[in-house]
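Several structures are given next for inspection.
One chain, chain A, appears in both complexes that follow, with chain B as partner in the first and chain C in the second.
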Partner chain A sequence: MRTRWFYKIQRIGIDTLIHLFLIAVSASCILPLGWMVSSSLKTQETVFADMSFLPRELHFANYILAWQEGGFGRYFLNSIVYTVSAVIGIVVVASLAAYAFSRLRFPGRKILFVMFVAAMMIPLPGSFVALYVLLNKLHLRNTALGYILCMISVGLSMSIFLLKTFFDKLPRELEDAARIDGASKLGIWWHVAMPLARPVLAVVVVFNALNVWNEYVLALIIFDSKALMPLQRALMVFRGEYLTNYPLLMAGLTITALPIILLYLLMQKYIVKGVTAQATFG
Partner chain B sequence: MRNTCLRRMAVPFALVCLCLAGCSPQPSVPSKTRTRVIVWHWMTDRQAAFDELSKRYEQATGIKVVFELFAPSEAYSSKVRAAAQGVNLPDVFGILGEKRDLASFVKAGHILPLNHYMNENNGAWKGSFLSKAVAMNEFSDGDAYGVEPGIYGVPIDMMTIRMVYNKDLLKELGGDPEQPPQSFEEFLSIGNKIKEAGMQGLVSGWGEVWLVNCLAYNLAFNIMGQDKVLATIRGEVPYTDEDWIKVFSLFKEMQDSGVLADGIVTMINKNAEQLFANGKAVFAFNGSWCVNVYKGMNPGLNYGVMLPPQVSDKYPVSIWGGAGSSFMVNARSKNKEAAVAFLKWLTTKEQQAYLSAATMSLPANKDCLTGIPDVLARFARDLELATHSYTWGISEYPQVIEAMGKGIQSIIIREMTPGQVASEVQKAKERQTARHAQ
Partner chain C sequence: MIPLCPMKLKSSLENYVFILPAALIFVIFYLIPFTWVFHLGLYEWDGISPTRVFVGLANFKEILFEDRIWWASMRNAGYITFIALTLQNALAFMLALACDRQIRLKNFYRVLFFIPPVLSEVVVGLVWQWILDGNYGLLNSWLTSAGFGSLARSWLSDPATALTTVAIVHCWKGFGWGFLLFLAGLQMIPRELYEAARADGANGWSCFKHITLPLMMPVAVLVAVLTILGTMTGFIMIHAMTNGGPAYHTQVPVLRILASMMPPFSRFGYACSQGISVGFVLVALSFIQYRFFLLRRDSAQEDT
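Moving on to the complex of A and B:
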């Protein structure tokens, strides 16, 4: 006969296994970050010789050096402008488009939506030359506006797809009530759909912010002037064709990763809700 | 309600407008009469040296030269190709890739022929370079590219790929630190000692394929001579020829002897450099750029430079070498004369010596070789043995090169025999020949 103790031990055993698994997964995520911070505090000589996680000597000056030599100040500002502009642009355009795809009936609606979804399948490098030639013709090459428009375009497909899936499952009764109150289509979108879509919007914001913040290759192709480059350009100063300054590169990477980690932590609550909502609705 | 909605929408709308307006194209400022030469290159680790040279040139001539460096090199390559399609190339730029890529830029009219400049004053400019460096950017009569014969680029540095060895480890293995192995047999015989001592043998970036192919071509030149190698590329000799099978067999012999480091097949060159610099490997197959890399990683590293071990005495040993990087002048640039003048200045003895010292690279100017550090100078020895696919007048199909590299990797991990690899490479060659004949 199985006693109370048996069930208790069984539960403790299962819980221990689950926790060990979760700790292992967490460690695999945190370890590279920890290694990055640890390497950023070593010197070019000790980074290859001292394999300890906590360096014997901590070189915090690497952060100051990385900031100065990489020219982080200007690139940081550029990246903030690009990320904020592109994310606002994506949220406004994608939410309007997704709402229209979900609620309005117009000819070619399905084909247009399929085309947007299909655009997700095209990898960004595949469209480099086409984008370059297009921006050149519009006299937008080597301009921040051209780059922001490209990044908005890149982020639209996935965002429209996520938002449309959410809007499709929203109860229409809420909109009917707003319509009775005299709200226009735009008013319903703003007052009813958008507040309810907050969790999904958080996912859209974080996903696209991460994408724009880390983007470099398109920027490198579009911009000729260093002054317009995003933050990733600063990291390339430490990563030469043959010679890489690992401690400064790691210090630069830590500086670069901080804002995005902060954004994630701030929106963590909404992201979990958004993912859950997608899972439930989808 | 409608008014409130519009008011609230106005905030994000205004924010977007503000950002976009702030980022819109700058009104074109009427340019001053002063000439400004724009240079694109991919070596971001040379920014400080290039900036210093630019400063010196401006002081000397009043002409501003702006170096825009873009890394990584793959992205730089995409940028140059996109700029060529948009006819937006800068005054001076570098091209990465095969010689056929350079040929396609020339045929599209993007690159200024430099014969006139190189040959004026009895060929003074051309004569200042090491001949192997100039040959990299030269097209001759009768080569396979269909380009007007001439010189289309200015070499700014040189590189050779050789073997380096750790003197201390070689001594530990009972060898003479000043007498590295010269023959292939001597090289293989060290393999047993390496295994017994629990050390790592040869490290190199053979996971990146191109470095393994460099050694394969070195060995092929030594076994069958340049003419037969080029006849193979022309399709006159099959890769299943016994000499080629012998070349592939050498990689099996190296693996069997224990002279190759563990995991060399998937090793990237940065890891190989790290292992050698930390004194964890006896040999490395690497380019002259490694002098700067090893200096950065371990300034006290005690190492020597040697030729790849000789397999046969029928033909000389060859080394991979030529111009490290070159600059091309945009044929459509309004500043092309200023660009050529700058490149002439950049390749003078004084500037080349500065660039070499600042970047620890081999200079392209032949008069600068005497003042360079000893270990770097050893990479510049026996330059008559240097060869490079850019100077052969014909290129092998990339698919065949890839089949060869991957085949050698398969031999090393004992997945295929040298005969099977030869057969696979020949099949790839036949496929490409048939495709291009259509």
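Moving on to the complex of A and C:
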């Protein structure tokens, strides 16, 4: 006869199996990163022989070498500058446009919004070829400004969509009150709408920061000079030059990945929201 | 009559202050390149010289009938997409089911599963390339110490394994993303449905079959479409791991576009035609999938 105990034991057994499965998958998610960090702390001599995750001597010199001579200090700064500028640009430009789409009347409003949304849905893998030609004509190729403007353009659609959805749901009373007090439209946008939109703005900021930091394709076609390259692009160049210096390469990878992992761990909620929103906007 | 309505004029001008920056950036950096691709695809041009030669649809003819590497790259991308659709999405769905239960450490797992998707493709590609290295890689070292030394090989430079290895790394990077969407979908299913079914005597399997599966179909279609779009256009991880090698075994369409555009070929028109070709296939595929899904849903609704 099947008693309560039978079901209880059966349940514990199933739960254990599920946990084992989940633990195995979780381990596969972090082991490669552990190996990356571990390899970055070995020397060129030990990295090919020492297969332990915890090397006997921690060789931090790779980081100093990568930062200074490998140029990663410079690339890190570039990545920071591009990410911060593009995110500020996206926040300002997208929130202005989203506010207009949600609140203001002007000719071409509907068609323009449809175009922004369509831009997210239609993939055209070759458009970077034409973008390359265009940037050349505008003398924006191999410039920081060109890259930042392109990155703003990449983040725009999704951010406008998120913000417009938020503004649409926002009650208008506060804005009406400000208007009666004589505030201009720009004033209302900045002093009333933007502070209220803070939760969505956080998603926009974090999600776009992640995208810009990790971006590679445009960095590949835009930058020729090493001094301007962001981390992702520089890593590939670095790999080409120091083909088998794995400890140094792994140090470079760790420097590149660490800010993103920290950002993710601290701002998980916003990233998750951004990802689900991006997938389901259609 | 001009001063009829200065307030209104000022007001509509002010409206344009809001929309103009976005519109300008969108038109210059998205719309113009996007439409220009279709124009450039009709030319033979090296990207630098002042004159370009109009060749009509010759580029497309070449892609369709002569470019065998292009077709190989489409086949490879198709293979990786197939693996992603089956292996990656099945894993994602199973993990989502496991985490949808009342289970301890749920949030801990959730945090870890989404680490690969937030990493950049360059980082993932280079780390895995090191792990899969034929001589000094961690994987081979583990295989050898576990007694499977005969399996050890140069995973990424052996033509027999390169493509599958690349596909599996792709799944590693992507499953956490599918997991997240599946989990969000599962959590939207009202618990009362399960309770009602249980009360009517349904067991776990029939609950799954008659409640979970049908209600998760829209999410599954969405994930599938996005998987196809993402995988067919993905190339950066491959660029970092094998750069299409050994001997075109891991070539994918966007890598080919890049190769056509860069020296020594420098064929900008051809690169654009390749982009249009793959873009066309993608739009067609996702359209078919949505239509198929909508048809099935409509007929399912008629049945009930």
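Keep in mind that, in the parts below, the second predicted complex is superposed on the first by the 192 of 282 C-alpha atoms of A that agree within 3 Å, B and C clash if a C-alpha of one lies under 4 Å from a C-alpha of the other, contacts with A are read in each partner's own complex, and residues count from 1 in each chain.
Throughout what follows, a contact is a pair of C-beta atoms (placed from the backbone, for glycine too) under 8 Å apart; a residue touches a chain by one contact, two chains touch by 3 or more.
The model shown is predicted, which means the values in this text are computed figures rather than measured ones.
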Touched partner set for A:F21, first chain B, second chain C, both or neither: second
Which superposed partner A:Q44 touches (first chain B, second chain C, both, neither): first
Partner chain(s) touched by A:T143 [first = chain B, second = chain C, both, neither]: first
Touched partner set for A:I88, first chain B, second chain C, both or neither: first
Which superposed partner A:F6 touches (first chain B, second chain C, both, neither): neither
Which of chain B and chain C A:Q232 touches, first, second, both or neither: second
Chain A: partner with more touched residues, chain B or chain C: C
Touched partner set for A:W190, first chain B, second chain C, both or neither: first
Chain B versus chain C as contact partner of A:I160, first or second or both or neither: second
Footprint overlap on chain A, comparing chain B with chain C: 48, 92, 125, 128-129, 132-133, 136, 184, 186, 216-217, 220, 236, 239
Chain C - residues contacting chain A, complex: 11-12, 14-19, 21-23, 25-26, 28-34, 36-37, 40-41, 47, 91, 94-95, 98-99, 101, 103-105, 108-109, 111-124, 126-128, 130-131, 135-136, 138, 141, 172, 176-177, 180-181, 184, 222-223, 226, 229, 233, 236, 239-240, 253-254, 257-258, 261, 268, 271-276, 278-279, 282-283
Chain C partner contacts - residues on chain A that touch it in the complex: 15, 18-19, 21-22, 25-26, 28-30, 32-33, 35-36, 39, 47-48, 51, 92-94, 96-97, 99-101, 104-106, 109, 112, 115-116, 119, 122-134, 136, 149-150, 152-153, 156-157, 160, 184-186, 189, 210, 213-214, 216-217, 220, 232, 235-236, 239, 246, 249-250, 253, 256-257, 260-261, 264-265, 268, 271-272, 275-276, 279-280, 282
List of chain B residues in touch with chain A within their complex: 1-2, 5, 8-9, 12-13, 15-16, 19-20, 22-26, 38, 42-47, 68, 70-73, 75-76, 78-79, 81-83, 85-86, 88, 90, 270, 274, 277-278, 289-290, 292-293, 296-299
Touching residues (chain side chain A, partner chain B) in the complex: 44-45, 48-49, 81, 84-85, 88-89, 91-92, 125, 128-129, 132-133, 136, 139-141, 143-145, 147-148, 181-184, 186-187, 190-191, 216-217, 220-221, 224-226, 236-237, 239-245
